[in-house]
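Common to both upcoming complexes is subunit A, partnered first by subunit B, then by subunit C.
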Partner chain A sequence: MSAATLIERALLIAFAAFMLSVPWSVPALINSFWVSVIAEILIWSLFAASVNLLFGYVGLLSFGQALYFGFGMYGVAIGINDLGLSFWPAFGLGIVASMAMALVTGVFAVRLTWHYFAIITVVFSLIFYFLALTNKWLTGGDDGISFTLPPTFSFGGTKYGLTDPTFQYFFILGVVALCFWLMHRLIGSPLGKAFLAIRDNDTRASLIGLNVYVLRLIAFVLAGFLAGVAGALFAFFGRYASASYMFYHVSGEAVVWAIVGGAGTLFGPLVGTSIFIVVREVVSSHWEHHSLIVGIVAILVVIFAPRGIVGLWRQWMAQLAERGDAAAIKSKLRTEP
Partner chain B sequence: MSEPVLRTENLTKRFGGLTAVDNLSLGIPGGRVHAIIGPNGAGKTTFFNLISGLLKSDGGRVFFHGRDITGLKPHQISRLGIKRTLQIKSVFPQLSVAENLWITSQAGQRFLNPFRSASADRAATAKVDRTLEQIGLTGLAKRAAGTLSYGDVALLEIGMALISEPQLLLLDEPTCGMSPAETERAVTKIRELARTIDIIIIEHDMEVVFGIASDITVMAQGAILASGTPKEIADDERVREAYLGRPEDEDYVEEAVHA
Partner chain C sequence: MEKLLLLAMNGLIWGLIIALIALGLAIIFGLLDIINLAHGDFFMVGTVLAWATLQSTGNFWLAFIVAPLIGFILGALIQRMVIQPIHNAAALSIVATFGLSLILQESVRITFGPTPRRILPPIQGTVPLFGIDYEIYRLFAAAVAIVAIGGFFVFLHRTQLGTWMRAVRHDRDTAIAMGIPAKRVYVLTFGIGFALACVGGVVAAPITTVDFRGGVDILPFCFMAVIIGGLGNLPGTAAAAILLAFLEGVIQSAASPTVARISSLVLMSAVLLLRPQGLFKGFAR
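Moving on to the complex of A and B:
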């Protein structure tokens, strides 16, 4: 095994160990507030992954993913408050609502590409943002809907719910990890390869027999799924849903997170989201212009590391592996008589 | 006479005021390499775009083995067995050479499984390995296609055509921009392919055309100027006239005839 794979594997194991120890290690090292910051990072990184699936793997830049995040949120909130659903059905409603919305809007949106696609996704999200804002009877508008959390599991008399912060953290970690694993499987699957082919060269993809339109639509609905799961989790996490999360500003942030972290890489969105939310949490209490840092970092990364931070890392690892190969060849030469 | 592989009836395409393909009726019989030549702007590539579905015709019909394929989408036409290469070399640059071949061989399937690993399909990977060997790119299998030399990309394109098991292959200037050695290699491959596949080739290099084609159609201003065997075409007065503005091509015609 090469040094690069060893380093990456060790990092992955260390990262997994840290994520599993967060409810105990973080309060001991910093304070318990940061446990919920990390939970929030996990949720938003899933949202950024939804942008990444479209942009990094299919080549469609969506500035409207907040729409599906919002539908995930409202699915949960309306499900619990108005329909009296319990935890899992409400979760399911949020996901199904966002996927259905992605299907309906996607039928029109994926006919277009590049800036036209970006514009139509913004337009769709703006339409529904204003609809959510004005239909206060259903959505609560800007104030949103607050709800009481139903228990997640109940065995006999014992109830487990997100009101327990440790349980909540592991619930979020589990769902987000599952989604990232699914995305990893997807990318390595035949369907994933077809996505990559379309991203690289859509004309060629159609000429080898790929149905570009249908495949883009599938990707759009899957991205809607990721955004919807993130939105539903965030509703559970905050115990409320609000139209303000459907604004295109929210979509735009996810685009920046995904690109800075590294579009087209599995962990790019997680890296990007972590950096920006940590900066925001650390700086915003001292300085109100923290978004200035966000802007500068984004510009620097786009100029100096167009493949994002994870892309930069990959490049280093590839160089390391190359050097290893060169060394191996050299040592072989030396041993030869 | 049996039904031709490809037949067009009054095929027409206009771009604004320009008629790129004008009432083109053509029948191409199977079992032969058919070359389409003509000066720049004659409508050759537009003709390919109409057959492969990248462009919608303004009139007329296209038949493939007697089946009307007019108005079908590119992927539908591709799945019927008509594959093509593009004039400007066109692969999937960020995918590896092996992945390029793999997705090409799998693209025709109606269901692309999202739940299993792509590399788990043994039959497909074996097919990719065989094709890699055939085109001599085994050593570059893991390289990103975008980092290949021009000649290797051209070979990869031919490999992609091979692995997709076409019935009819449309080659759009396959040797354009190649070195003489690369051209020779490509011509050998095309000849090999022609034994089992019907091929229509657009080519500017007259040496290549007269070297591999058994029939030649000359296009000018969107219409057929002449059609026949290489000998007939080389002797045709009108063809010479169409090429008058480009003496270097005339030289080729001359050379080829006397070769």
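Moving on to the complex of A and C:
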């Protein structure tokens, strides 16, 4: 096993151990406020992962993922508030609503590519943003809908719900980790390979018999699923839903997070989201102009690490491995008589 | 009826101003192949420069010289420092211009302040027009926009630099082989795009408010004009901007501004899906 794989494996284990210990270690090290910041990072990184699935693996740059995030949020909020659903059906409603929306819009959107695709996704999300703003009876407009959380599980008399911060953290961690694991499996599957083929050259992909349109539509619905889960989680996390989360700025931020972290890598969105949210939380308490730093970081990363931070890391690891190989070859040569 | 006429006139004049801004976006889009998310903020910088000129010199008209000049220099600098290093890669340019948009907004918020301000129109008074009293300044704004758009097209078709810009857009490699300094053309194009948005900002400053978020609403509208007009079709872009704003004005006389915006967005999706080459393909080239 090479040094690079060892380092990466050790990092992964350390990361998993840290994530599992957050509810105890973080309050001890900093304060308990940061537990909820980390939970928020997890949710937003899932949202960035939905941009990454489309852009990094299928080559479609969507600027309208906030639409499906918003449908996830509203599915949960309307389900609980207006329809009186309990926890899991509301969660399901949010996910189904965003996937259905992704299917309906995707049928039109994936007929287009590149600039046109980017723009039609913004247009769709703007249409529904304005519709949500005007139809206050359903969505509450800019003020949004607040709701009280139903319990997640209830066994007889004992109830577990997200009102317990530790339970909430592990619930979010579990769902996000499950989604990332599913995405990992997807990338390794034949379907994932077909996505990569389309990303690299869609003409060639269609010539070897792949149905580019249907595959893009599948990817679009799957990305809608990821964004919908993120939206539903965020609704549970904030106990409300608002039209402002459907604005194109929200989609734009996710694009930036995904590309800065490293598009086309599993952990890129997580890295990008963490950097930006941590910077925001650290700086915004001291200085209100933290967006300035976000803007400068985005530009610097794009200029100096065009493949994102994870891309840069991989480059370093590849160099390390190469050096190791070179040393191995050298030592082998020396032993030969 | 009077309300309809007033809103239609307002829409038409607003459309002329948007056309000016959208032309800047269209040349950056068409020539450099980047999606410029900071373009709305270029417009916003123009409104702020108008306000700053008025404050420091007491003369609004000076802004018509100062703002495009500063905009041109800023645009050229941004192209050299931010856009060129990323080799015009479209996906990266989206992130870079998003970052740029944040930087411009925050810089204005720091220096200018977070509260929106108003500029009084430098020409006061109204004039009777088709039975309504219409503000003279708005008519003047329309005239400025028409002159600027016309001037831009003359520049594009009658000067050496304009010809270079069209040549590089048409076929970059051949243009370079013919000895056209493509890199310099890119820098100048970005500068001119910024300058056009700034002129739009100065003209619009007395009509709208001066605010560091002033570009956020403008940006989708400019993109709509560029798409409906057809990517790279400059006369089409200008025509689409005027048409869209006029239609929104007319719809607003019967329904809310949001409904008007939704209808133009639906129109835009239809154009994208049915005529992705733009509405005016065949009319102009």
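One rule holds for everything that comes next: the second predicted complex is superposed on the first by the 337 of 337 C-alpha atoms of A that agree within 3 Å, B and C clash if a C-alpha of one lies under 4 Å from a C-alpha of the other, contacts with A are read in each partner's own complex, and residues count from 1 in each chain.
By definition in this document, contacts are C-beta pairs under 8 Å (C-beta built on N, C-alpha and C of every residue); 3 or more make two chains touch, one makes a residue touch a chain.
Everything numeric in this text was worked out from a predicted model, so none of it was measured.
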When subunit B and subunit C are modelled together on subunit A, clash or fit: fit
Touched partner set for A:Ala10, first subunit B, second subunit C, both or neither: neither
Which of subunit B and subunit C A:Arg204 touches, first, second, both or neither: first
First (subunit B), second (subunit C), both or neither touched by A:Val294: second
A:Val282 touches, of subunit B and subunit C: first, second, both or neither? neither
When both partners are placed on the shared chain, which of subunit B and subunit C touches more of subunit A: C
Subunit A as apex of subunit B and subunit C, Cα-centre angle in degrees (nearest 10): 80
Subunit B versus subunit C as contact partner of A:Leu138, first or second or both or neither: neither
First (subunit B), second (subunit C), both or neither touched by A:Ile30: neither
Shortest CA-CA distance between subunit B and subunit C [superposed frame, angstrom]: 12
Touching both subunit B and subunit C, residues of subunit A: none
Subunit B contact footprint on subunit A (complex, rising order): 185-186, 188-194, 196-197, 199-201, 203-212, 215
Contacting residues of subunit C [partner subunit A, same complex]: 35, 37, 82, 85-86, 89-92, 94-96, 98-103, 105-107, 109-110, 216, 220, 223-224, 227, 231, 256, 258-259, 261-262, 265-266, 268-269, 272-273, 276
Residue numbers on subunit A that touch subunit C, as the complex places them: 55, 61, 63, 108, 111-112, 114-116, 118-120, 122-124, 126-127, 130-131, 133-134, 248-249, 252, 255-256, 259-260, 263, 289, 291-292, 294-299, 301-303, 306
In the complex with subunit A, residue positions of subunit B that touch it: 52-54, 73-75, 78-79, 83-84, 86, 90-95, 99, 102-104, 106-109, 112-119, 121, 160, 164
